[in-house]
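Structure incoming, see below.
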Amino acid sequence: MNFPTSITYWSHFVTIAMFALGLLGFLLRRNAIVVLMCIELMLNAVNLFLIETSMRTNTPDGIILVVFVVTVAAAEVAVGLGIILNLYRLKGTVNLDHFKSLQG
Amino acid sequence: MREVLFIAFSLFTIGAASGVLLSRNPVYSAFSLILSFFGLSGLYLLWGSTFMAMIQILIYTGAIVVLFVFVVMLLNLQTNRENSSNIVFLGVVSASVWLFSLIILRVLTRSIPNKILEIPENQLRTISKLLFTRYLWPFEILSFFLLVMIIAIFAITRTQEIAHGGEK
Amino acid sequence: MEWTDLIITAVKTAVIYLGMVQVVPIMLIVERRGAALMQDRPGPNRVGPFGLFQPIADVIKMMMKEVTVPRQVNKALFLLGPFLVLFPASLVIAALPFGDYFTLLGRDYLLQVANIDVGILYVLAIGSLGIYGILFGGWASNNKFSLIGAMRSSSQIISYEIPLGLAACSAVLWYGSFSLREMVYTQEGTFLGILPNWGFFYQPIGFLLFFIAAFAETNRLPFDLPETEAELVAGFHTEYGPMDFGTFFMAEYMNMATMSGLMVAMYFGGWHLPWVSDVTLLQWLGSRNLLAALQVVTVIVKISVFMLMFVWVRWTLPRFRFDQLMRLAWRNLIPIGLINLVITALIMYFRSAQ
């Protein structure tokens, strides 16, 4: 299949944009659940890049990496949400500003 | 045709992704996340990877986001305003993210091999063969990792129950 | 792609989709009359001969009612809810094979909307999206019963997707293909000379798992915990008006039909008649299009049998309690599914070693 260079270039742009959005949300949002969602966005940006590269260079390794990433992401979300549930039980909120006890 | 579809899917994905961090209500965030994953799976289809597109929908939208929505609804969070950090911090963070992205974009696009290659006829077969030959050990470790994760999740909920029992 | 191709694909899509939508009125009367039959009462028999026009009357009633949107709801998601359920239910039909192919103007056209090479993944993936309509609809209703229904639905569907996936995994392993069409091709002929070469005879446990999980996935009794009228009023659709409820209803029946179609394609030989191969039939009938028509009729008959089974089970079994439902999935179905997968893998290994 033919991949014009412009599409490749703009696909990288999409990857970066998604990653940047995820990073921004991760740094700026205070709701723990939304923060986790932003981590997912970043992971998916990487997945997009890996699949695009893998399909462009005709090597299946990138896709296998994505399979691994998806598996780890699913586990990560399950554990992360479990922790968030516990945090909620602890303080009745998931706003990350309320969890500063280590800062003294 | 490809170009038009690509632009449509990209804009859709990025728009939905920005919806995740812009919406105040976590439920809307989750909804945007679903939409953005759909856009991504459209992009995967465009690259010719039907399998990954289906996996994206099956696992991300079908399972992971359901978990998100489930927890959001379980906690029934009020959509109170987040007292967002001061404007200087926001500006600094945005600027640095923007710079960082630009640098990565430069690095990534420095050398794009513009080869014309055809996609292997049976991609699934190739992937599964590789999974059980070259990537056998990562694969096995991953399964062990999943087991550990299951136990970890049980442990997380268990400790809470014990703590409650102790309070009584 | 030429103009004629495009037009024929469009017509094919329209015919298959509209054909599947007809499941809804037919099932409406079948279900009500079936319930009456099992409860030893006449059932609806006034509208038209044998009450056959009852669905039309039902639909007219639903259409004529006033559409109400309660004041406390989240309007956008509330109105989106029914369509989020109907949309995946309609999309899934594209992957179902209704027959081999027919010839028109010297060209062959598949009796399937889209021959996707990962067909079964597509069905599972898109089918799992129907849950969002229930989740968002239930949440947006801003009603405790609806919310509980939605939460139940999400945990139930996530849990039962695993046995469904495991059964599908075993089937994929057995047929060596993800494509539903390939699966049906493999099921031609006979097994041991007496039985038809259907997946059911190779994967009986897988079929049973799939069958049970299909009930949970379609929110049918005995697994209709999201809408238990005894404890949750009507669950996630408590607040919905007439036609929104009708949309949920439509989606449920269409999901049943696709699940039946999937079971037919995976375990009951798709368009194949038992003991007769396609080549013999073609010689006998003498025409490819006639054979295609026969295949479509075969698939429809097989799907109808499963639909009747859905009705039969609904009025036979009582509803599960929620913990029983979860225990059934996690403690019974998933281990059985895993064991079935391992056994299938072993058989495949030894078969290929020979």
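Observations on the model:
Per-chain residue numbering starts at 1, and chain names A, B and C are given in the order in which the chains are listed.
The working rule: contacts are C-beta pairs under 8 Å (C-beta built on N, C-alpha and C of every residue); 3 or more make two chains touch, one makes a residue touch a chain.
Predicted model, so just to flag it, every value in this text is computed and none were measured.
Of all chains, the one whose mean C-alpha position sits at the greatest distance from that of chain C is A.
For the pairs A-B and B-C, the count of C-beta pairs in contact is higher at A-B.
Taking each chain's centre as the mean of its C-alpha atoms, chain A lies 33 Å from chain C. Averaged C-alpha coordinates put the centre of chain A at 5 Å from the centre of chain B.
In whole angstrom, the spacing between the mean C-alpha positions of chain B and chain C is 29.
Contacts with at least two other chains are made by residues 51, 55, 63, 67, 74 of chain B. Chain A makes touch with chain B in their complex at residues 1-25, 27-31, 33-34, 36-38, 40-41, 44, 47-49, 51-52, 54-58, 60-61, 63-64, 66-68, 70-75, 77-79, 81-86, 88-89, 94-95, 97. Chain B meets chain A in the complex at residues 2-3, 6-7, 10, 13-14, 17-18, 20-21, 26, 29-30, 33, 36-37, 40, 43-44, 47-49, 51-52, 55-56, 59-60, 63-64, 67-68, 71-72, 74-75, 77, 82-85, 90, 93-94, 97-98, 100-101, 104-105, 108-109, 112-120, 123, 126-127, 130-131, 135, 138, 142, 145-146, 149, 152-153, 156-157, 159-160.
Only residues 27, 31, 34, 50-51, 54-55, 57-58, 61-63, 66-67, 69-70, 73-74, 76, 124 of chain B touch chain C when the two sit together in their complex.
On the chain C side of its complex with chain B, the touching residues are 77, 116-118, 121-122, 124-126, 128-129, 131-132, 135-136, 139, 147, 150-151, 154-155, 157-158, 161, 178.
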